[in-house]
């Protein structure tokens, strides 16, 4: 188990981590997401003993790793890290992957088998003799992963390991990580800026923001029920509307938004509270303006302001006084004959509006 | 043990070794190489020669790092002996320093006596330093000591009248060879031991302008390092070496040395010439016991 | 140990008393060696950069030869320069022999190979991505040179310090070319040699300490400069 | 205009580019996508004159850039490149961004204004004095972008410029690129492994595979009508079924798949041709098994084998003899009460099946 | 120029004829300087690594002092070693004066600062990410040392070549400590000095060329070794 307790870290004047807390279970895949510069790499580096916290401690299997200097090597050898900027030794790919094993005095024959297998898995068979410095960005990232994996670490730390990989290669790597996690119960701590990757891989996600974990939870929790509007915005909830709870009726809150409209939503918060209402674009149903009113509590009229492709979906921005993003399938867009300027109605259930308290900032 | 030979320590089967420190000008004549071969054979020994500036050579001696010392600077030898570092000095040879200068002899000192010549060079040098210059060894070597003696003999105070008296007087601070080269380059006069001059004669355009005069006398001696002060020096072999040098046959070798190469002898043997050199007879002929 | 203590005391004395003779040779040492270092650096930077970043047949051999010249004995340099500037030599007309200028020339020749070699070495330490970035940003040849040198500045300063160290500590060329003439071409090393040949060990050590002291000053200056 | 004509490149034994052809128009945003190691970076580096093609030529505004050595500097100065591994000069952030401007002798006052503006845009205001070497991965990537942009290049080359950025920062950068492209008509060539980014940004996309552009076209063309099954697989079309055109009836081909089922599809290819049928997961409609038959030509029964989150959507793998991926909204999944093991029917229109000829390999 | 041509001819003759005297001093030169280089390298690698990768107060000052010692005049080193090993010196009992062993000692001391300094410089050229990677992979102290040195090997070999060059080309210490005794402590540089003092310029140049020739051989060896 990796317990991160009140960890803080500053570089010069700049405080990067204020008070980071988390407990990562054995065998868990824990993803750290957060804006660029929020300290993801710093945190991973501290777990890997490459950086020392200014305050707090990191406890691995009961050992305060930064305090027990005598056990440093042992602790490091049970971990392996894949760096965000993978460094290539000025050697062959083979020798690059072999480094960790040679340090552990693994017999050369075994090393060879392991490396051949690893190269196979990462899709770089036959690259043994290549000078690692000449690899492409994605190739080097995979070699760095192989270098970490061959040491069979109990804890695998990965800092944006697929940043330079295309979806197909990424899928391979993710499958690999999932497999070793399942088969060998390896603990994996991964930082990623790929929200989908967090969703696909992680058992739990920690959202690192402003020096703390703003939220730690399952992917569902984080993506569907963000704790505050910053997390909400970061995880891609585009529709965030500020307002105040005006009253409660039948367990449903009426929220007066700052734009005049009223939104009904389910929330335990009491009247008078200032809140943000988060509505995921995919939770919104879109109809042509003439469509009969639905049962959904919330319905707004508007005009399609922009239509853009969004992978398998189409993203519409509907101007209802405030711009609201809506995701629909290409099919329905086509069926409805939508185009920019079309008059539409959007609606969403009271339960689809996620309400979070506004706490300053 | 009294004669704990360091060579023997390193390699017991090796022959005994004599460490001999000498000045460069003597070593460069090749005389010592010529003398050591028969000695090595006769005494089943090895003679290792360290050539250095007079000061350095004496320095090695003061520290007891060598067994035998061969220099040509009586004043400093006396001090050395007085301080108890050296004993059993024997004079083995002598020759004369020469004042050399450009063929054209711009100061016109040819055939003057040394003191006169120096006086004239200084005078003309002060007047026209572009034409008349003197290069001094400037290194407190035996030769430099002699040069100072001549200035003194001519009635000058070396430090006040000569050094820093003008561009004509160049204090080189290097070896004899380099000084000769410099004098040649600058078409200047200088004082040289005859051995080095003869060795350089073909390479430079300087010619002897003054080679006679008592004050030019150059006496070479040998002495051993005092084993009481420096236990561990190879004392017995050192005695053998000194005695070997004063034997008539060695003296004859000294007399003949260089004739083949230079057409004239480089050294006069000490044997029988104690008067000329102004030393005691025992210092020339008395065997060391 | 006595000598060393003597030497330290004497050095201290020479320094605080600003002994005029010592001052004179110290200043000359500095002028000669600093000038040689500056000249050699000025030559080494473009040469080194050209060699490093141009591909040509025999490049490896050339670098090997340059490295070989690290072993150039100072006396040999002295001799070669002597033959060049002696009265009868090709440059004899200039009357350079036994002048500080000639010593600068000799020291420049002496340290040029090591400065070129270490410049190449310093530039090799610069990541290829930096090189690409400079080129991509539209550098002229000169801008490329200055940018890459700037990026390698720590290693280049190290090279400069090595070059200066070799220049100021060498004696073979200085004595042959300068002649160790008092008040004219006598520098610290030739003075140390002279004192050693006279077995003035205390003075030799004192002068050695003076030499190291000025080297310390120069290096500190270089270090501060590079950290600007 | 950048004309890439029969460009080839090998490193040692390894042929990376065989015969690359494309013409990139002035003011166009052209995205290069392709698997890791396919030569995207190499191609960009050749346009930037950092690498010389072994064969073929690259013509920019009528000049064969690798032939006219005299104009090299001029050509380089009209371009700017953002490298995949951004290099930081061992200087401050300010000096890092200023390099290109100083080379162009821009007055220092103007440099300062430009840099302050650029830092503002990339979200790193106040970073001027930071040592660039200590920046986080994403921060450095943005600084590298700023470094390129401040020189106002006519052609902007970007090699995976947002690989290390989170979606919010990515969106900022993309907006920036779109804006300068619109406002100043800058030509942009970008390599990316982010398919959505390609879709969002590019006017046209080139798919680099096996040393050639397998397909060049608008995002819609590439993603909806991939030229062959490799492109199809690479752009994320998960359902690719091999078969043979058995017969044509009423303009619709009947394709006998290698798995026994028959698929109807629209295609100009003639009977007997071996083909791959590509069906995008979002084009497939999913019903509970008891649902009455639809009008869609193709309908298959199966069982839900796996359900995974896919951002705003849910991805199901339905086992219909062959595994078929289907994307549906969370809402419909919930409404249908789906779970692993549920019996379902999938259907898709004949026009939704994209047929490509199989050409060996 | 005549001298140079003479020198070249004589060098050629000396080399092809395998002149036994020249062979002897060449071999001794090689043994002394190579040994000194190896010893200094063996010391410089751990020292340099320790200094580079440990933080301690006064680190910058220490590095500055080390760089200052690049300027150590060879004569001064000679004197210090002399005072150490002279009969009445602290190590006098060992009888080291005028032996090749003492010359090795002196040359080791002479080149140690430059080798430590250039090692530090070489290690500074290694990217921090490489350093982190080595540590992260679970290196022991020794493994860290070998890995980082391996990664910096080109720059370290450059340092070795510099050290060797300085060792084999120095004469001040060799002559004071070795005494330039024929068949015992005469090495190439002291022989060159001797010949120069006798104005045998042709022979001096010839010996200088021989010296450069063996430096070439050594450097080529090192180059080939590092490219393995």
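So that you can tell them apart, the chains are marked A, B, C, D and E in the order they are listed, and the count of residues begins at 1 in each.
Rule of thumb we're sticking to: a residue touches a chain if its C-beta (ideal position, glycine included) is under 8 Å from a C-beta of that chain, and two chains touch if they have at least 3 such contacts.
Since we're looking at a predicted model, the values are computed, not measured.
**Student:** Chain by chain, through touching neighbours only, how many steps does the shortest route from subunit B to subunit D take?
**Tutor:** Steps on the shortest route: 2.
**Student:** In angstrom, rounded to a whole number, how far apart do the mean CA points of subunit B and subunit E lie?
**Tutor:** It comes to 35 Å between the two C-alpha centres.
**Student:** Roughly how far is subunit C from subunit E, going centre to centre by Cα mean, in whole Å?
**Tutor:** The answer is 18 Å.
**Student:** For subunit C versus subunit D, what separation do you get between their C-alpha means, in angstrom?
**Tutor:** That pair's centroid distance is 56 Å.
**Student:** Taking each residue of subunit E in turn, which ones touch at least two of the other chains?
**Tutor:** 127, 176, 196
**Student:** So which bits of subunit B are touching at least two other chains?
**Tutor:** 52, 56, 178
**Student:** Residues touching two or more other chains, restricted to subunit A: which are they?
**Tutor:** Within subunit A, the residues that touch at least two other chains are 85.
**Student:** Let me make sure I understand the interfaces: which chain pairs count as touching?
**Tutor:** Per the contact definition above, the touching pairs are A-D, A-E, B-C, B-E, C-D, C-E.
**Student:** Applying the document's contact rule, which stretches of subunit C touch subunit D when the two form their complex?
**Tutor:** It comes out as residues 127, 129-130, 132-140, 143, 147, 150-151.
**Student:** Quick one: which bits of subunit A touch subunit D in the complex? Just the residue numbers, please.
**Tutor:** That would be residues 11, 33-37, 41, 84-85, 134, 136-139, 142, 159-160, 163-169, 193, 195-196, 199-200, 219-220, 223, 233-234, 236, 280-283, 308-313, 327, 329-331 of subunit A.
**Student:** What residues on subunit C touch subunit E, complex-wise?
**Tutor:** 1, 3-4, 60, 64-65, 67-76, 78-80, 83, 90, 114, 117-118, 121-122, 124-125, 127, 154-155, 158, 161-162, 164-166, 168-169, 171-172, 176, 188-189, 192-193, 196, 201, 204-205, 208, 211-212, 215-216, 219-220, 223
**Student:** Please output the residues of subunit D touching subunit C within their complex, sorted ascending.
**Tutor:** Residues in contact with subunit C: 45, 48-50, 73, 76-77, 79-81, 83, 85-87, 89-90, 99-100, 103-104, 147, 151.
**Student:** Enumerate the contact residues on subunit C facing subunit B in the complex.
**Tutor:** That would be residues 86-87, 97-98, 175-176, 179-184, 186, 190-191, 194, 196-201 of subunit C.
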